[in-house]
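These are the structures, in structure tokens.
Each of the two complexes below includes chain A, the first together with chain B, the second together with chain C.
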Partner chain A sequence: MPIDLSSPGGATLALLPELVLTFWALVVLMYVAWHHRDGHDMRTAGGLSIVGYIFAAAATAWLAWRGARPEGLSFMIALDGFRFASDALLLWIAAAVAILSVRWLIRQGILAPEYYPMLMLATVGMMLLAGAADLITLFLGLEVMSISVYVLAGFDRTRRASAEAALKYFLIGAFASGFLLYGIALTYGATGQFNFDLIGAQFAATPPTLMAKLGMGLILVGFAFKIAAVPFHAWAPDVYEGAPTPITAFMASGVKAAAFLALVRVLAEVFPALVDLWRPVIFGLAAITILVGNLTALSQTSMKRMLAYSAIAHAGYLLLAVWAHSDEGTAAVLIYLLAYSVTIVAAFGILASIERAGARTVRLTDLEGLFSVRPFASIGLSICMLSLLGFPGTFGFIGKWYLLSAALRAGQTTLPVIAMVGSAISIGYYLPVVLAMTLKPARTRQAHQTIRFPRPARIAVGICVFAILLLGVWPNTVLNFATQTAVQLRQSELPIGPR
Partner chain B sequence: MASNVTVTTVIFYVFAVWAVGSALLCITRSNALASALWLVSTMFALAAIFVILQAQFIAAIQVLVYAGAVMVLFLFVIMLLNLEDVPHDWKRWPAWVVGVGLAAVLGTTLVTLHSYTPARLAREVSTMPSPVDPRLVFPEGNALAVATATQGAVGSVAQPLFQGYLIPFEVTSVLLLAAVVGAVVLAKKKL
Partner chain C sequence: MLQPYLPILLLLIFVVANAVLIIGASTLLSNYRPTAVKRSAYESGMPVLGDARERFSVKFYLVAMLFIVFDIETVFMIPWAVAFAQLKSMAGVLLLEMLTFVVILGVGYVYIWKRGALQWD
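And now, the complex of A and B:
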């Protein structure tokens, strides 16, 4: 189904998932404007928002099923398999986070149902960011996502740590946006274009100027902040620790996924001609991110902080596939993001249930003896840790395997070795969690009596853990989809030559 | 140079000096209310410069929205907060270093840009391959006048805003909505 993106009707059709979600966010916003008193209103708002994600996913599936593709220039927004796969991934993460939040917010006394419309608007921003085919759309998508997530990070208004997280994230985020915007301005100055395909065609035809190279560098720095790659990672641990736990899961999986998907698209469509220039940058970022992330995670005692540093390390692994700059690399990014988001959602879902109202930092010692009291929760968390580690039999292993093989096939051997060393180091902080839960006795008789695992969260976490195991041994459907359909980044078909 | 001086140039310099002078006064006043009123004065001078650039519509919007609505909001906030005069502390040297440094960078940029006329930009860009006519991207000076003559003052703004850049325009409204909801959620005492 060819869609003319320059006509209003075509643009509406192409943006159907985003429009549906925005409309539904407004509906939920109208609902919470009159109903924001108690837990019942919170639950209803949460349920309504999940319906919105389902509608948006249906719109995405419809576009994918009809084989929507742009007629002529891919104008402002992309229409390809990669965008549909990205949208599906981001929508699933948002819906899972909404399910985890429903009871948790009520239990922690955060009775502000505006949480759910903000989460939906953040998802709209993520979808626009990952699907942008134009630097303006890219930037606006990033800002819609970021502003909503700044607010969500500070949603626990009575806690100092939450306010601190929001402020830190806001200041660093504004800084990063500045870098990105400067890079976009320089790229525009060098080419006179905002459209990905047109810029890419210009770079392919003429050697890029110094201005274009500077622009690309600044865009990369902006992205490095958003994916929390070393040395632009310093904000991540404090923000992850201070934010409400479901939002930490959202930031570690959703925000990172959206930024990575956009990075893959930008490098593949805008800067493919400058590959020799950006590959060394990605190489350096990946190597230092893997090592620093894993080594720093070793010394953490707070679970959220440990997972924050491990999230940094995982960003480093993902950069391997970005370096590969191939269809295998693109597929590997998608598979790994799915594996990582499934695992992170399940892990944070379990951690959120262990958190007591009031004191909200789960330390490693708080988990001791969990197996004897709550066997299923501890088995679930153990599976998550093994999947993050990349243990064979879990989905995390499949994801890591694809990352390494993508980099190897592109002729890179140093980075996979560094990634393996990083994984080996990561045993040192993932395994103690498993050991503490199973081998050590509970500290007191009352330990773990305050754990509340509400049914919606239990079902969501259960599905995630089941998916980790199932896709770990039978990943064929996902792999086929990712390697055949989802990697279709649109190649420019425009007749572009020297004038 | 002397032969190029037309009435327009003279008028431009009058308003340019007015704008820069008001802006300087705006940032040096110790009374917040006086600063705000000098900002209004800057807005008016900028509106006049927009008229010289054939952008009458933008000029009218500038006066209505910025000098009018936004400034009224500013004044409301200033009066509500009941700010007192804060005497400037001229002795802090880091502020001076940063300020002079920024001014130097921006000044250099201005001097560099002075040699870049639209015609020169269009000439340089036209050597690059592009599916789009480079003169559309970097119009040679009078493009806005032509657009205004054919489409009218409003049309030449509305055409790109609601056709070429429709999607970013609409996304911006979502962005503002998110910001407003977020500000209320974070700042309101009792939700």
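And now, the complex of A and C:
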């Protein structure tokens, strides 16, 4: 179904998933305006927001099923399999986070149902960011996402750590947006175009000027802040630790996924002609991110902080596939983001249930002896740790395997070695979690009495853990889907030239 | 490449030189006899009471923020209204787009009203 994106009707049709979600966020906001008193209102708002994600996913599926593609130039928003896959990934993450939040927020005494419209608007921003075909849409999506997530990070506003997280995230985020915007301005100055395909065609035809190269560099810096790559990572641990736990899961999986999907698209469509220039940058970022992330995670005692540093290390692994700059690399990014988000959502879901009301975080010592009291939760958390580690038989292993093979096929041998060394280091902080739960006795008899694992969260986490195991041994469907999708990203840059 | 920007550079140099000249000349040529009254913040105004860095109620910021949100809407509407006459062929689409904008704004307005952000106490 070809859609003319330059006509108002066509643009509306192409933006259907985002529009449905925005409309539904406004509906939930109206519900919240009248009902914001007690836990029942919180639960209803959460349930309504999940309905919104289902509607948006249905709209995405409809576009994908009708084979929507742009007629002529891809104007403002992309219409290809990569965007639909990105939307599906981001929507499921948001829905899972909403399910995890429902009882958790009530238990923590955060009775403000605005949380759910905010989460939906952040998701709209993420979808626009990942589906942008124009530098303006890219920036708009980034800002919608970021501003909503700043608010969500500080949502537990009576707790100092949460307010601190919001302020730090806001200041650093605004700084990063400045870099990105300056890069966009310089790129526009060098080419006179905002559209990804047109800029790409121009760079392919004429050698890029110094201004264009500077623009690309600043755009890369902006993205490096958002994906928390070393040396632009300093904000991540404090923000991840201070934010409400479901929001930490959202930032570690959703925000990072959206930024990576956008980065892959920008490098594939805007700057493919400058590949020799950005590859060394990605190489350096990947190497230092993997090493610093893993080494710093070793010395953490707080689980949220440890997972924050491990999230930094995982961003480093993902940069391997970005370096590859190939169909395999794009497919590997999709697979890895799915594997990582499934694992992170499950891990934070379990941690959120263990977290005491009002506590800043869960410490490693809080997990001691969990197996004897809560065997299923501790087995689930152990599977998540093994998946993050990349243990064979889990989905994390498949993801890491594809990252490494994509980098190797693109002719890179140093980075995979560094990634393997990083993985070896990460045994040193993933396995102690498993050992603390199974081998050590509980500190006191009353330990683990405060654990509340409500049924919605239990079902969501159960599905995630089951998916980790199932896709770990039977990944073919997902692999084929990712490979077909990745080819479409390349195809979308082919119809270039005056039309 | 940078040729067109030469006037801007000249302007910058002129501005800096001008500032240095004026301040330098007044420092070198003037007499300086301060008194307590002369050195106060408002020489012919009210005597200063306390520090300006006080704590304000957060409500002031809320009101200011809401004012900006609903003030900026005009910045969108005026160019739209001006351009409307020139784009008669797309009148329906333009009207729909502005209605969408106003509806979103209206939802926000109803929300802050019901949430009590417009009440002072």
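By definition in this document, the second predicted complex is superposed on the first by the 486 of 499 C-alpha atoms of A that agree within 3 Å, B and C clash if a C-alpha of one lies under 4 Å from a C-alpha of the other, contacts with A are read in each partner's own complex, and residues count from 1 in each chain.
By our rule, a contact is a pair of C-beta atoms (placed from the backbone, for glycine too) under 8 Å apart; a residue touches a chain by one contact, two chains touch by 3 or more.
Keep in mind it's a predicted model, so treat the numbers as computed, not measured.
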- prompt: Should the superposition on chain A be reported as showing a clash between chain B and chain C, or a fit?
  reply: clash
Field: chain B versus chain C as contact partner of A:372, first or second or both or neither
entry: neither
- request: Would you check which partner chain A:44 touches, where first means chain B only, second means chain C only, and both and neither mean what they say?
  value: neither
Query: More residues of chain A are touched by which partner: chain B or chain C?
result: B
- request: May I ask you to decide whether A:205 touches chain B, chain C, both, or neither, giving the answer as first, second, both or neither?
  value: first
Message: Is A:128 touching anything from chain B or chain C once the two structures are fitted on A? First, second, both or neither.
response: first
Query: Is A:8 in contact with chain B, with chain C, with both, or with neither (first, second, both, neither)?
result: both
Message: With both complexes overlaid on chain A, does A:141 touch chain B (first), chain C (second), both or neither?
response: first
- request: Would you check which partner chain A:34 touches, where first means chain B only, second means chain C only, and both and neither mean what they say?
  value: second
- request: Could you pull out which residues of chain A sit against chain B in one structure and against chain C in the other?
  value: 8, 29, 36
- prompt: Which of the residues in chain A come into contact with chain C in the complex?
  reply: 8, 26, 29-30, 32-34, 36
Parts of chain A lying in touch with chain B, wherever the complex brings them together: 6, 8, 11, 15, 22, 29, 36, 76-77, 111-112, 114, 117-118, 121-122, 124-125, 128, 134, 136-137, 140-141, 143-144, 147-148, 150-151, 154-155, 157, 166, 191-193, 198, 201-202, 205-206, 494-499
Statement: As the complex stands, chain C meets chain A at residues 90, 93, 97, 104, 107-108, 110-111, 113-115
- prompt: Which residues of chain B touch chain A in the complex?
  reply: 125-126, 128-132, 134, 137-138, 163, 165-168, 171-172, 174-175, 177-179, 181-182, 184-186, 191
